[in-house]
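Worksheet: the structure to be examined is printed underneath.
Labels run A, B, C and D following the written order; every chain starts at residue 1.
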Amino acid sequence: MIEASAESGFTKQLSYGMVGGGPGSFIGDVHRKSINLDGLARITAGCFSQSPEKTLETGKSLGLDNERLYKSYGEMAEAESKRPDKIDFVVIVTPNTSHYAIAKAFLSRGIPVVCDKPLCTEESEAKELAELAKQKKLPFMVTYTYTGNVTVRQMRAMIKKGEIGKILFVNAEYPQEWLLAPAEKQGNKQAVTRTDPALAGKANCVGDLGSHVENMVSYLTGLKIKKVLARLDSIGEGRVLDDNATIMLEYEGGAKGVYWTSQIAAGGDNPFRVRIFGSKGALDWNEENCNYIQVYPFGQPKFTLSRGRDAFAAQASSLSRIPSGHPEGYFESLANIYKVYINALIKLKAGQTPGGDDLDFPDVEMGAEGVKFIGKCVESSQKGSVWVNF
Amino acid sequence: MIEASAESGFTKQLSYGMVGGGPGSFIGDVHRKSINLDGLARITAGCFSQSPEKTLETGKSLGLDNERLYKSYGEMAEAESKRPDKIDFVVIVTPNTSHYAIAKAFLSRGIPVVCDKPLCTEESEAKELAELAKQKKLPFMVTYTYTGNVTVRQMRAMIKKGEIGKILFVNAEYPQEWLLAPAEKQGNKQAVTRTDPALAGKANCVGDLGSHVENMVSYLTGLKIKKVLARLDSIGEGRVLDDNATIMLEYEGGAKGVYWTSQIAAGGDNPFRVRIFGSKGALDWNEENCNYIQVYPFGQPKFTLSRGRDAFAAQASSLSRIPSGHPEGYFESLANIYKVYINALIKLKAGQTPGGDDLDFPDVEMGAEGVKFIGKCVESSQKGSVWVNF
Amino acid sequence: MIEASAESGFTKQLSYGMVGGGPGSFIGDVHRKSINLDGLARITAGCFSQSPEKTLETGKSLGLDNERLYKSYGEMAEAESKRPDKIDFVVIVTPNTSHYAIAKAFLSRGIPVVCDKPLCTEESEAKELAELAKQKKLPFMVTYTYTGNVTVRQMRAMIKKGEIGKILFVNAEYPQEWLLAPAEKQGNKQAVTRTDPALAGKANCVGDLGSHVENMVSYLTGLKIKKVLARLDSIGEGRVLDDNATIMLEYEGGAKGVYWTSQIAAGGDNPFRVRIFGSKGALDWNEENCNYIQVYPFGQPKFTLSRGRDAFAAQASSLSRIPSGHPEGYFESLANIYKVYINALIKLKAGQTPGGDDLDFPDVEMGAEGVKFIGKCVESSQKGSVWVNF
Amino acid sequence: MIEASAESGFTKQLSYGMVGGGPGSFIGDVHRKSINLDGLARITAGCFSQSPEKTLETGKSLGLDNERLYKSYGEMAEAESKRPDKIDFVVIVTPNTSHYAIAKAFLSRGIPVVCDKPLCTEESEAKELAELAKQKKLPFMVTYTYTGNVTVRQMRAMIKKGEIGKILFVNAEYPQEWLLAPAEKQGNKQAVTRTDPALAGKANCVGDLGSHVENMVSYLTGLKIKKVLARLDSIGEGRVLDDNATIMLEYEGGAKGVYWTSQIAAGGDNPFRVRIFGSKGALDWNEENCNYIQVYPFGQPKFTLSRGRDAFAAQASSLSRIPSGHPEGYFESLANIYKVYINALIKLKAGQTPGGDDLDFPDVEMGAEGVKFIGKCVESSQKGSVWVNF
């Protein structure tokens, strides 16, 4: 045993609660594991399901005290906000249509919110949440996971520095294959959640994947969308919502783009690919191979930037946990945005004011942009694929 | 010396003439080399340039007799058509706007034509050429090179057999980078030819690359276009014609698609990529890696078909010249369509009637479809990206 | 709050201690993060450095009680073994030459050991540790990280099932580039640890990388080495130990192999690649792309198995945490072997007897094989690259 | 018709003869097509088979005069050497064991020789041929095809310029799969030729593939082998000669290397891969992807050099026929060495003295080195894998 004269300098773990993420839920467990990775916060409360029995089951398996397992998110928000050891933030991983009400319940009681994307289903609700968070000065993260990727942060830094010049064209795609089968009729819970308007809102594919694409391009480039023209297809038999979407875009300043997302494209593991073409060169990124960036400087040989091997901007390299060649992946990306978010909360608790890169997590404003984007795409498609101003 | 009792069974080489392909021309030499590969035809006549001196220079370097070097294509068509040893076919490799008149001159005098793509610049001219060829019963090839690729022919066979099921969606792209620089102002002859409406016609990028994409998808799938919606961008400063194009399509029968072609996309070596998504699986092909086909059967592991290694349909494997692993490329593709075309002429000369796979070269009907496609894209774009029926 | 009638079914987290892993240590933090991922154990004690100040610093940052921070591993082993809440296992992440003594100290006091690889530097010591662990019935893991990879476990299952037939030849390589620079003279702590015989033992490159290769091939195939012929090169100026190694092998049963490891091969991110060639097909795996297996069935198209997309054996798929396309990487692999190891300890604590796949972690016997392999390679090389029986 | 005042400046095609390459022969046709590509020479004579009927059949199909079809290579050498229009060179594409006698017959009668590799089967014969060619001042090419690749020539230029520094290690491999089946018992003519000592000589795999590897490394780097240690395996049942070979090398100057060639490695399309590791960086090349060079500069991002896109040395770029992205492959490589060789003959005929890059074709000295290499590998293996001085 070592005797220490001074008091501990340890920054105590934060505590968090979760709404959703009960038995059979996939994404709740993913969030919990990602938060675990760095050990900056631990779960202490939850309303994991609308069924108290299921909440109890999940709570037990996580070692939580029964008194912090709740029958409803409302009860949870109310009870937690009054505890001296209340949760430092809440994570919402429920179906899309419920995000708004849950987020509002916690925000209005002073509890910071992390919400799965899309933020909600109506533009007006999104605005309201953004305003509430601003008014209450509560950090609000929408978990656009991929922006946490180290290579994504490096590309953003490169674009800001002008390394590819003025952006001319963007081509982004996110084709999946899982809904080529009628999975929603085969007992796949996630397929039901995505394809039922009552749970998913007004869009499926463009809501789930399109919003990732919109956010990624926006995060990387800072481009603002001026107008969109979309065709949303419902290819799977009997589907009401879209499962394939083609979107043409024009950005402020004149750049153009095309996005394609699909859930019926055989062969797609999950190949979220973004290419940004500029006047001096281009960047090419694919989540499936997310430890590398392909760089295409015009007139020079194409090269590869490797996370952990090559020199990255500080804001990117600081999030890398392991040397080159050892892959980092999805969990590390999600852990990264949580790391930034939790560190911002820690600063706030310590009476400091986080700023600049301290706040480099996908926030509620980005979430609101995503909701707007989904709405505009649906509108354009319903009108026969016409241009809709943003 | 071996004494042979019987007469030679040798099929004498055919002879051909060329219009265009003089000094400094790139594509003419490529055609000559590709025809050389199999040795089925040799060049005997030409009008390689509007300048007789240049025609003479090229003619000499090819070892041609002066008496078969011509001052104009008109003189050449007239003179050759009257010779007992007249050329068996003519190859036209001049700027787009001149194709129609030249092709007509030879066709009308009974000489089979091979014409670089696009066939011509006006839909009405294209129809006329197609009708003339039909009426004269002259095989007419438009050199959509890539359809000669062994893997392309294999994919076509697979789609016909239903191996990927009903086609749902097509994503094809052909992004180049060379016009990111103002090459037409820097003395690049090909750039001038492509970007000057007087030489290129009403389109540049969608004319050059878009017509390849249209032809490839049509050849592979047999899908007929129902309507298109296009945005043609002129991104390079001072450009009149398009150098970037995004096209949404609907095909007869309900399948959908998106095409993207560009000449300002940094990093593009020449990555002509086509993906066909069906109800049972998908095919993915890229010219840069054209000895392989990526196959994505839904619910089964993805696999790679390798030219020369794996079992291919007869109509594909018969065109392969070398075992697996040894790459075949551009010259072999172009040589393949010439091989089919020349063999069809040989059959005709022998009094036989070529049919079926004998005629599996890109013909004047395909050329006319391409011209129509270009026109419809230009029309849609000019109207603000609206749907235009095909 | 939910009232529950029954007692908690929660399996309490295990607790562990760590020797090594102080300030500036890279690998200690990697182990801690990997254990965090699943949350099955938490750190409660440590001797992180030979310097008590540094142990204190690391202990504070981890939130440990001072009374469980120790001046020496000996003190720690003694004190922990006597506590009622003693650690459930110890993790040793110190330089190679110290592993033996530390592991022995904990084992002999009844505490299960996880030791970084190589297990130790002398074959006799390795045997002693293996025997001690057996005698004390204490699970002992040597952290050959890569065997925890989901695709590695799938390949092992495929080979066992005979899917590639009888193994004929193995080609494995692990080339790195970092010691192309004289890093040990430039203040790189890890480079000093690897290249100084006092810290690394009798080998550097073959000790670090060669032992990974040996273990991986052995784990995948079950092949036993019959004899080796090695050339160990010291290419970096002034280096005593090897930084490049070529090894020819013959296995029991007649299969042959070649291994190459290097630390002076420019360009190597960390490309640990293993190819197993059998009479019916081959498998090809690369850590840099570790979510995929390339499968080469003889006479059939080559295919790719994708973690999360394709059907894997239960023992592999049970360790996958996220669907296809979302990469898993290094942390997940290390977390996987910890998960298996910790679950085995939990079973033991619960009075059960783990067996079969419960014990599918890299154990002390594998560690001892690795030490033997290193010794035989050094012996062969010192004798001029002659065959040495295993 | 254009009237020309001056005489033709056309460089008349050379003419060549061929020994071997009759019906069912694969490689003879490949040589003929490759020579066709540039049209610099045409075939006029041949002894395509030991059977006159077969020679007649092939001769007819090629349109040759019967009087230049011969019953034996001896008759051909004798008759051609006396003709005023005798062949400018002969191409030998017969089984290995016959190369020596045929080459000698033509050389001694003053006819330049192109011989398939390996040059012959005995070191003494190789020396004799090299001396004879030197004495007669006849250009003699051994068709190591791959050295004709544009990217290979670029890599050679880069290494000469010191771009990767001092060479430290070479790793080269050429694994094929075709003899995993007992092809020689299944009527595969080439398999019989390779595996029967009477036709192949003392080695199979190391003779066919190993000699390519030896030549490529030598051509690229200029390294001279100091000693070799080899293990030649006969894995296929009943095989006398090797079908798998592992070779360790030491070069003059201290660099080291390892080569692996195989014919029993499932999955190998034909992946001839060479990696050269130097003190400043490394080069990585694979025939399957032969339009690209992977460059790994130490401490800088890895990049790709693309034939036709990136700036290449003149000696390389001058052999490229088509822009970037359009693949060139095997035929172009073989055509390239023929182009250099034929141009050297043309210079000689014109009374000029070819020198420098004019002679940059694989010559008889390289052929002799290859024969020596095969012999030394066989010797080392037979002695139990011991070091054999070169």
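A few points about this structure:
Keep in mind that, in the parts below, contacts are C-beta pairs under 8 Å (C-beta built on N, C-alpha and C of every residue); 3 or more make two chains touch, one makes a residue touch a chain.
On a predicted model such as this, the values are computed, not experimentally measured, just so you know.
Of all chains, the one whose CA centroid is most distant from that of chain D is A. For the pairs B-D and C-D, the count of C-beta pairs in contact is higher at B-D. Chain B and chain D have centres, each the mean of its CA atoms, that are 34 Å apart.
Averaged C-alpha coordinates give centres for chain B and chain C that are 56 Å from one another. We define each chain's centre as the mean of its Cα atoms; on that basis chain C and chain D are separated by 45 Å.
Residue positions of chain C with contacts to 2 or more other chains are 268, 302, 306. Here chain B touches chain A in the complex through residues 164, 168-169, 171, 173, 175, 177, 180-181, 229, 231, 233, 235, 244, 246, 248, 256, 258, 260, 262, 264-268, 275, 277-282, 284, 294, 296-299, 302, 384-387, going by the rule given at the top. On the side of chain A, the complex with chain D involves touching residues 295, 300-306, 310. Of all the residues in chain A, the ones that touch chain C in their complex are 1-4, 8-10, 12-13, 30, 32-33, 36-39, 52, 55-56, 59-63, 66-71, 75, 79, 176, 268-272, 287-291, 306, 308-309, 321-332.
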